[in-house]
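Okay, structure first, notes after.
For clarity, chains are labelled A, B, C and D in written order, and residue numbers in each chain start from 1.
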Amino acid sequence: MKINRRKFLSGAAALTAGVLAGPTFSASQTIKFGSLLDTSGIFDGYGKPMDKVARMAIEQINATGGLLNKQIEYVGYDTQSNMALYSQFARKLARTDKVDVVHGGILSASREAVRQTFRKSQIPYFYNVLYEGGVCDRNIFINGITPAQQVQTLIPAAVKKWGKKIYVLAADYNYGHITANWIKKYAKEIGAEVSNIEFFPLDVADFGSTIAKIQTEKPDFIVSVLVGGAHISFYRQWAASGMNKKIPMASTTLGAGNEQNILTSEETDGILVAYNYSHELDNDLNRKLLADYSAKYGDVDDLHLLALSHYEGILTWAAAVRIAGSVEGDKVSAVMETGLSIDTPSGKMTVDPQTHHSILNVYLSEFKDKKMQVLETFLQQPPLDTQMVCNLKTNPDDNQQYVIKI
Amino acid sequence: MIFGMMKIINFAHGEFMMLGGYTTIVCVKAGANIYLAMLVIAPLIVGMIGLLLERLVIRHLYGRLVDTMLATWGISMILIGIVTMIFGNTTESISTPIKGWAIGDYQVNGYNFFIILVAIGLVCSGYFLLKFTRLGLIVRGAMQDPNVAASLGYNPDRIYMTTFFMGAALSGLAGGILAPLVGLVPSWGTAYIAKAFITVVVGGPAIIVGLVSSATLFGSVNQIFAFIFNPVFGEVALLLCAVILLRILPKGITNSIFKGKL
Amino acid sequence: MNEIVLETHNLNMHFGGVKAVNNVDFTLRENELRCLIGPNGAGKSTFFKCLTGLNKPTSGEIYIRGEETTHWHTHQISRLGIGIKTQVPNVMDGLSVWENIWLSARRYHDVKQANRRVEEVIERIKIGDITKKLLGELAHGQRQRVELAIVLAADPWLVILDEPAAGMTGQDVEIMVDIIREINRSAAMIIVEHDMQFIQSIANQVTVFYQGSILMEDHVDNVLADQKVRDVYLGRNV
Amino acid sequence: MMLDSNYKNLIIGVFLAIVCMLVLPYFIEYYTLSLLIIYSILALSLGLVWGFGGILCFGQAAFFGLGAYSYAVFAINIGESTLPFLLAIIVPATFAFILGAIMFYGRLTDVYLGVITLVVTLILFRFINSTASPEYMIGTAHLGGFNGIPNFQTLNIPGMPDAYIWDLDFYYVCFVILILSYLGLHFLVRSSFGRVSIGIGQNEQRAELIGYDVRKYKTILFAVGGGLAGLAGALYASWAEIVTPGLFSLGQSAEVIIWCIVGGVTRLSGPIFGAVILGLLKYYLGQQTLIDNNLVFGVILVIFVLFLPQGLAPAISSVWKKLLTAKKSTRNKLRKRAPRQMQRGHLNE
């Protein structure tokens, strides 16, 4: 929402500059960094900051001498929130541009649309987004937080705070269903009860009947696993009916795209969340990131969790390349699989060799005045869900996304 | 309304709503009073935009039903494109001006009552306008047979313009009123338009009675199924209901049941 | 007497409260040429639509060669061997004259025979000069003629025409009269018509419609001499 | 003898198409070309029902999506691509047949037809979108809701599940299928069935008065269009290696209609031109961020409806004719007149 015209134009100028700068390096002297992100279309709210932060990361690396004494060339395409364009541009990156690595993809569908292409061409693919878990493929690295990592901290804390009767509202797609299942599992483990789970298609914007239903059920708290622009209406309608004063809420999604900036503080105050990042984290790397981003793009309002993960994914890859001394897929993979661990703005981040997912710090936070105030830190949480089904050490040729049965 | 009167299917109607919503939000953020913004400014501005589009595009296409459908579809895409370029795809919204209150154990969304009141007011005044005023008579006459109205000395062109302006303004109003309840994105209109469109087409040519009967029918079908199952079933039930109705009553509800009504 | 080929019993067609066709009993015999006349709104066009399946009658029955066709679709009625022409020229404007006629002939013949049939009809209706023209390019009178050619191409034994002379100039009307006589040599005909002069030049038997019912049925000369009919046409109530 | 020049045109056309097929990959990446060809087949399917049958279907994407999903589901269950490929044509064709029968036997016309096809597309879109929960399984294939179905067997040489047809080979296969589809339709619209359909598109009542069962013809034509869209869908699924509910979206339907309008539906080549030109445009627009895509396509749509309702094909083909110096035949004239023009009543050129 805060994208004004000036910044918009400067973004475009940066793109043009990037294109123009390209040919000045000869092919062998640059490392080609491929990027596929939705910087237009309905998901550009997620994609634009990711693109911005990625460009910044590459600039920073280049400014300090690049990788392996080579400059990095950013080859990015706007996939326009369109799955066909993902397939198409993925092939362009792999076959025509012959990039050395690809970072990108936002929705799970977009990841699945391009994953096989990069696997076939053996180009390492980094998917740096919070998602539903279960992908098992040696060619992909994922550092986004998965449902188990969030839910195992969030639900016990919420139950302890508010009570045992839970009402879940979830987006009707894989992420929503899987997260809802994890909520059920963890609730059961601590003796709480999920009284109802309701699923909403992503374009539902009218929650009137649901709010009525919640009032009939009288849960101790509700958990929102709602996703996307239309679902934001829920928080608004919830507050408009005055329910936010009566029944507290936890969420696994609110704030991942900085949704709190669209809502008022009154509508979001007191909502409990658990992520691997918050702007409020007090460490040097985070302060530096926020300052750099702010210096480059004016403010940090749009720097959300996904963008942060994307930034950290790029740092992880760069670290692996430095150690491997090569950008070749096999060598980078080998380094990553040693359990590579780096310090990032969100704290220590470790590659899980078994799943190619990440072991992360999870911060239980509460919204206050549109900020995520950290209440408690859970260090180095493993991706338990994916670990249940995926072991690339024993089965390196695995190539699928598991639906985890709980 | 535009469909009933002018035999035009306006695919851009949802986008007029979306524009109304954005107008309201921009005005409120600029410091205007929210009621002024959504009840006066939004309809006026959207009405003007509608008028402009009518002059530029639609008036060349009267009587070419399919072409108007296509052209308005194009307009809808243009409006979405322009709004996206100005505001981006990120959700815009403002907060609701009326607080909820409790009835017994239940919290009620006060703003919903406001919407219901406005809707009732609109339907009543629309009915009154069409049925009892001279303007209404002229408009109805012109829609029946433009030549007759023309021979009576009224310029059908002007009448079309007026109607289109009013239709657009009404959608602007609707968008303005809904703005505080939902998160607004440029493609917001498309979600509503299918519903509104079906409601109107199924309702048939008698504007007010048709609209109210089909809207009531679909509204209740949607809510009942949404309450019992979930919103997907609500929507699917609504759509199926529309298909079945069109199959049984191919001329719309009013043509088959409320014959000769307004 | 010739065999009865078409009859209606108590045929009714009501629109709301308006009885457009009211208890009509009508019979037509083989090779007969019958005109239906009556003032505007007398119900003759509605009757035409009922016969041809374009409207579904409210009640009553229609029999064509003994078969009940009351609720049949137009194409089914047409397939009995009945040629139908509506009031407004009902042709395929984007196709050529030849193609228009071909489509009709092809319905009953294979491709080769259809081609031959088209040539025959073109010969018969004397439109050889315009076969390659598109219907949309033709004048009104020509379009009417082509439509008759379309009707003829199917070799009908019964032809039902709704105001074939409407909107035609004097010369066109003469041609039309010739064509109708030509058709009548091989088929029975029902012609809904308004224009008295035209009727006089073609018909013997005439049925007069008034307010949805049959007012009288007689030879054209007697009908024209009848005072009631004259009143009806001048707009007086009977 | 009129047909002779027609056959000559056709043979030259096919020859040129084959030349294009061999030359184009040197100018445009073949994976992009494959997609353009798939879009062309989809556009062709709408061109058939719209331009020749006079049926404006706002839901051609529904059959496209249905084809893609059928392919994906059967490919997962069967594992070899030949049968799924055929089923991906049969399922949408059957669906179109049933839907068409309901609509045409119910005597719905123009606007209502548009509404029903639109609504059916929406229902499918909603339904597929809401199948995320694990109980939505068809055999071993999970419908996957919003995320779609990834990881299915892509096109292989019939009988050899491990011999994938992909990359350049896939492009050639698509191109050949396009040429075959075009030829198939070319002969279909010239057959008795096709001519009657055109007649019906021109004037339904006249066709009925002659004695044709209009409902039957329209239903069959609609089913053929559905099957062809399904074929495009199956190829798409194989190309993208994932199917998502977006295939059913109104946006996808809108795109097909815009291709047809830009190309012109008055002849079969029109939709192909439209799909290729706009497909390329969309692809290149994806490499810039200044102008929103919707805006561009909306403007194109409005301009064509207002000023160029016949689309580009008539213009292109008149140039083509000059090049060939072939005589105008009645038969070609016939293709030029579309129902769309008729509704407007500009009968005289």
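Basically, a contact is a pair of C-beta atoms (placed from the backbone, for glycine too) under 8 Å apart; a residue touches a chain by one contact, two chains touch by 3 or more.
Quantities reported herein were computed from a predicted structural model and do not represent experimental measurements.
Enquirer: Can you tell me which chain is nearest the middle of the complex, judged by mean CA position?
Expert: So the chain nearest the centre of the shown protein is D.
Enquirer: Compared with subunit C, which chain's mean CA position is the farthest off?
Expert: The chain farthest from subunit C, judged by C-alpha centres, is A.
Enquirer: So what's the Cα centroid distance for subunit B and subunit D, whole Å?
Expert: The separation of the two C-alpha centroids amounts to 32 Å.
Enquirer: What whole-Å value do you get for the distance between subunit A and subunit B if each is reduced to the mean of its CA atoms?
Expert: 38
Enquirer: How many Å are there between the centre of subunit C and the centre of subunit D, using C-alpha atoms for each centre?
Expert: 42
Enquirer: Taking each residue of subunit D in turn, which ones touch at least two of the other chains?
Expert: Residues 126, 129-130, 292-293 of subunit D each touch two or more of the other chains.
Enquirer: Hunt down the residues of subunit A that sit against at least two other chains at once, touch-wise.
Expert: In subunit A, the residues touching two or more other chains are 40-41, 172, 199, 201.
Enquirer: For subunit B, write out the residues touching at least two other chains, lowest number first.
Expert: Residues 84, 232, 235.
Enquirer: According to the definition of touch, which chains form touching pairs?
Expert: In this structure, the chains touch in these pairs: A-B, A-D, B-D, C-D.
Enquirer: Under the definition above, what is the set of subunit C residues touching subunit D in their complex?
Expert: Per the touch definition, subunit C meets subunit D at residues 52, 54, 73-76, 78-79, 84-86, 90-96, 98-100, 102-104, 106-108, 111, 132, 134, 136-137, 150, 154.
Enquirer: For subunit D, which residues count as touching subunit B in their complex?
Expert: So the residues of subunit D in touch with subunit B come to 56, 102, 106-108, 110-112, 114-116, 118-120, 122-123, 126-127, 129-130, 250, 254, 257, 261, 291-302, 305-306, 309, 340, 343-344.
Enquirer: Provide the residue numbers of subunit A that touch subunit B in the complex, in ascending order.
Expert: 1-3, 5, 8, 40-45, 48, 172, 198-201, 203-206, 208-213, 215, 229-233, 236-237, 239-243, 246, 259, 262-264, 266-267, 302
Enquirer: Could you list, by residue number, the parts of subunit D that touch subunit C in their complex?
Expert: Listed in rising order, the residues are 192, 195-196, 198-199, 202-203, 205-214, 330, 333-334, 337-339, 341-342, 347-348.
Enquirer: Where on subunit B does subunit A make contact in their complex?
Expert: For subunit B paired with subunit A, touching residues are 84, 86-93, 95-96, 98-102, 105-112, 180-183, 185, 187-188, 191, 223, 226-227, 230-232, 234-235.
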